[in-house]
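Same chain, two partners: subunit A is paired with subunit B first, then with subunit C.
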Partner chain A sequence: MASVMRPGLLRQSFASPAASQRVFSTFTSSAARQSSPLIQQLRPAFARDAVPKATRIAAFHATQRQQILPPLPQKIEGSVNTAVPVPNPDYSHGSYHWSFERLLAAGLVPLTVAPFAAGTLNPLTDSILCALLVLHSHIGFESCIIDYFPEKRIPKLRVAAHWALRIATVGLGVALYSFETNDVGITELVARLWHA
Partner chain B sequence: MASQRVFQLGLRRAAAPSFMIQPAGRMVQRRLANTISKESGEEILAKQRLHRPVSPHLSIYKPQITWYASGLNRVTAVILSGGLYIFGIAYLAAPTLGWHLESQSLVAAVAAWPLWAKATAKFTVAMPFFFHCVNGLRHLAWDVGVGFKNATVVRTGWTVVAATFALSAYYSFFH
Partner chain C sequence: MASTRALCRLATSRTAAVRPAVFARGFASVSDTKARDPISKAGEALAPDASRAPIPESKTSTVKEAAPTKDAKMKTFHIYRWNPDEPTSKPKMQSYELDLNKTGPMMLDALIRIKNEIDPTLTFRRSCREGICGSCAMNIDGVNTLACLCRIPTEEKKESRIYPLPHMYIVKDLVPDMTIFYKQYRSVKPYLQRSTPAPDGREYRQTKEDRKKLDGLYECILCACCSTSCPSYWWNQEEYLGPAVLLQSYRWIADSRDEKRAERQDALNNSMSLYRCHTILNCSRTCPKGLNPALAIAEIKKSMAFT
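On to the complex of A and B.
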C-alpha cells in the first residue's frame, strides 16, 4: 500500500524546480544562513550532503583549529555502543602502588630538608636519599610515558620507551652506587659545587 | 484497504503534529535513513570523527594558577630527574669516554667560571628544585585530604610561587 503512495509524494516534493535545484546543488545561495547547525538539523538528510562539508563543520567550531597531533584514520572496533573494557581490580597496581608513591614522596621530605638544616648527610642517609630519588624518578617518568605515549597511537614506541626507562633506571642505580662508594655522595657534591 | 491506510495516516498525524507540515519530505527522509547499512553507517561515523577537535589543545583554557602549577610540577620534575639521569649515565660512561666527572674535576671546573655565570647557573637549578619541593608538600597535603577548596588551591599555588622565588634568590645570591 505504501508503495502506491510514494510516486505521488515524490512528485510533490519536486513540484517546484527551485526546491529541487536547491536540494541537489553544491553551490548554496546563502551559505551563512544555510550552514547554521539548527538549519542543518531541520533539513532532510540528502539536502545536508549537498552543503560543502567545510561549511557544515565550521558552523560547530567556536575556536581556531590547531592540529598539534592530527587524528589517525578512524576505525571502529566492535560496534559503536561497545563499552570500554574495565581492567581487573588489582591492589598492587591500584591503591598499594599509590600509597607506595606517597610514602616515597613523604620520605624524601626530611631527607631534602636535612642538608639545608644540618649540612651534608652521612653516607647512610645519603644512600637512602639516592635510592628514594631513583624510585621516585622512575615512577614519575613511567607516568609521563603512560600519559604521552598513547597505546593506540604508538604502541611500539611506548614499549620501547618503557624498556629504555628501565635500562636507564638500572644504569642510574649502578652509577649512584658507584658515586656513593667511590666519591663524596650527592649532597656533598651539590654543596661543594654550590660554594665553588 | 484504503480506509485502513487513511486511518493509519490519521493516527500518525495525531501522534506527531509536525508530520502535518511536510509529509512528503519526512517520508522520503525516513526511507533513506532506513537503507543505510551498518557498515556504511560506521564509515560515516569514522569520517565524522576525523573532524572532531583534537585533544591537546591547551591554548583554549584560561591561564590559571591551578593548572599552571600542576603542569609546572611535572615540567620541573622532568628537568630535575632528567638532569639526575643524564649525570648518572654520563658518570657511568665517563671512564670509557675519557671524561672527568668525579667531584674534584667538577668543582674545579665550576670554580673557574665568572661570578655571574655561577649565580645564573645556581638560580636556574634552584628554581625548578624549590618549586618541585614546595609544590610537592602541597600535593602531599592534598593526598591526605587537606586544602581542597578552590580558593585555598589558588592561595597555596601563589604561595608556592612566592616561596620558590624567595628561596631560589636567597640560596643563589646570598648563600
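On to the complex of A and C.
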C-alpha cells in the first residue's frame, strides 16, 4: 500500500476508516477472510453477481503509480510573434557526430558478417569489431539519454546518466579487451555458442 | 505470498527517505482493487490537475440525436472535451450518437452537425472543408489527419474516437495551442534570402528541373499532423523542430534561387534541431496531403554530412 512507503500519506489515508482498513489489508489478510477472487470465479454466475464488484477479480496491473515527467504549465519564450531561438552551430554535436555515427554503423556490418562468412577468425578484425562495438553502443545510448532526460527538467539526473554511461563504456572496453587477450574473443564465443 | 509483500514493504519503508518518488514503483496486486488506485488519486483530491488522462467514455454521458427515425444508422462518436472555464476539471470523453443518413461523409461534417444540432459548446477549428487550410487537424481513431478529409467509417458498430493533436497544450476541446509550432516555423526563415540581384535584372529564374525539386515540399499546409505524430517531437518539443518545419526548411535549402543555403544548414547543425529525428517515419505515414517529411529530413542530413 502506498502509504507504507510514503509516511506523509499515511495520515491522510487514516482520515477515512475504509482506507485504514486497507492499509493493514496484507497484515490482517482481510482479503483472505472474504473468499479469494479465484474461488469466486468458480462460483455459479448468480452467486458471482451477488458479490459486490469491488471484491471481484481485479485486472493485474503493473503500471506506474505516478507520471514520470508530468507536463509543466505552458511557457512561451519571448512573445508569440518572435521566432524560437536558433542555437549556435555546433558541428561536433551536429553533422560531424551524425556522419561519424553512420560510418561506424556502416563499418560494423562487414566486420560482423565477414568472420562468420569466411569461417576464419582473425584476431585483428575481432579487436576492431570490439572497438567499433564499444563506440557504437556508447553513441547509441548517449542518443537515448539526450532524448529521454531533458536537461531543463532533470539536469542532475541527466549528468548522472551520462557519467553512468561513460563508466559503463569504459567497463565494457576493459571487459572486451580482457576477453580478447585472455580468452577466445567474441566472434569465437558466438561461434562456439552457435555450435554448442 | 502476503508475507513476502509485507517484508518487502517493511524493507522499502526504511529507504523511503532517500528514494526519490520517481523510482517508487508500486507493488502489483490482484485482489485489492483500491490498492491499484494511483497516488495521483489522493493527490487530485488535494490539488486537482487538469493535465492527465481524460475521464473515459464509460464514466460520462451519451448525448443522442433529438428525433431518431426508424431506419437511422446510428454511430457513436467519443470526443475529447475540456473546458478552460473550469481549468481544474479533468478532461473527459463525451459520447454523441449521430444518424449517419443525415450527416455528410466526412468527420468534419459529423463535428459540425454535433455543434449545430446537439451540443453547441463543442469547439474545434475548421475553415476550408476541403483539406487545404490545415485548420481541422486532429487525432481521429488514433491517426492524425484533417477532419474534412477523413471519411466516417460506415460500420455502426465501430465507435470513433476524436482527440486533439497529441502532446500539445489544449486551448479548449479539440483546439491545440499552436504557438510553438509557428515560432519554430518562423525560426527557419521560410522566405527567399538572396543578396545578389537577378542576372538580367528581371525575376529570379530557375530551370524546370530545379522547380521539380520543390514538388512535394511546397504543398505543405502546416497542419502539424506530422510533427504531432513524431515521438521525438513529443519528448523534445522545445528544441527539436519537428518534421513539418524541417520539411519547409528543406524547401528553402533545395530552392535554387535561395543563396543562404549554408546559413540555413548551420541553423540546423546542432544536436537537437534536426538530429533528434531517428527515422521513426510516423510523419510520412500520417501526412494527410501525402507528403514525405521523412524524405526531406533525410535529404537535409545527406546535404550536411561530410561537409
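In the analysis below, the second predicted complex is superposed on the first by the 112 of 196 C-alpha atoms of A that agree within 3 Å, B and C clash if a C-alpha of one lies under 4 Å from a C-alpha of the other, contacts with A are read in each partner's own complex, and residues count from 1 in each chain.
The rule is simple: contacts are C-beta pairs under 8 Å (C-beta built on N, C-alpha and C of every residue); 3 or more make two chains touch, one makes a residue touch a chain.
Since we're looking at a predicted model, the values are computed, not measured.
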Inset, instruction - Would you sort A:Val84 into first (subunit B), second (subunit C), both or neither based on which partner it touches? - result: second
Inset, instruction - Kindly classify A:Leu189 by the partners it touches after superposition: subunit B alone (first), subunit C alone (second), both, or neither? - result: first
Inset, instruction - Return first, second, both or neither, reflecting whether A:Val109 touches subunit B, subunit C, both chains, or no partner chain. - result: first
Inset, instruction - Answer with first, second, both or neither: which of subunit B and subunit C does A:Ser95 touch in the superposed model? - result: second
Inset, instruction - Please work out whether A:Gln74 is in contact with subunit B alone, subunit C alone, both, or neither, and reply first, second, both or neither. - result: both
Inset, instruction - Name the contact category of A:Val174: first (subunit B only), second (subunit C only), both, or neither. - result: first
Legend entry - Touching both subunit C and subunit B, counted on subunit A across the two superposed complexes: 1, 5-6, 9, 12-13, 57, 61, 63, 65-68, 70-71, 74, 76, 80, 102
Inset, instruction - Would you pull the subunit A residues touching subunit C in the complex into a rising list? - result: 1-2, 4-7, 9, 12-13, 19, 22, 25-27, 29, 31-32, 36-37, 54-55, 57-58, 60-68, 70-71, 74, 76, 78, 80, 82-91, 93-95, 97-99, 102, 143, 146-148, 150, 152
Inset, instruction - Going by the contact rule at the top, pick out the subunit B residues touching subunit A in the complex. - result: 1, 4-5, 23-25, 27-29, 31-33, 42, 45-47, 49-57, 59-60, 74, 77-78, 81, 84-85, 87-89, 91-92, 102-103, 106-108, 110-111, 118, 122, 133, 136-137, 139-140, 143, 171, 175
Inset, instruction - Please name which positions on subunit C make contact with subunit A in the complex. - result: 2, 5-6, 9-10, 12-13, 16, 21-22, 24-26, 28-36, 38-40, 42, 49, 51-52, 169, 177, 179-180, 182-184, 186-187, 232, 235-236, 238, 241, 266-276, 278, 301, 304-307
Legend entry - Interfacial residue positions of subunit A with respect to subunit B in the complex: 1, 5-6, 9-10, 12-13, 44-46, 57, 61, 63, 65-71, 73-76, 80, 102, 105-106, 108-109, 112, 133, 136-137, 140-141, 144, 168, 171-172, 174-176, 178-179, 182-184, 188-189, 192-194, 196
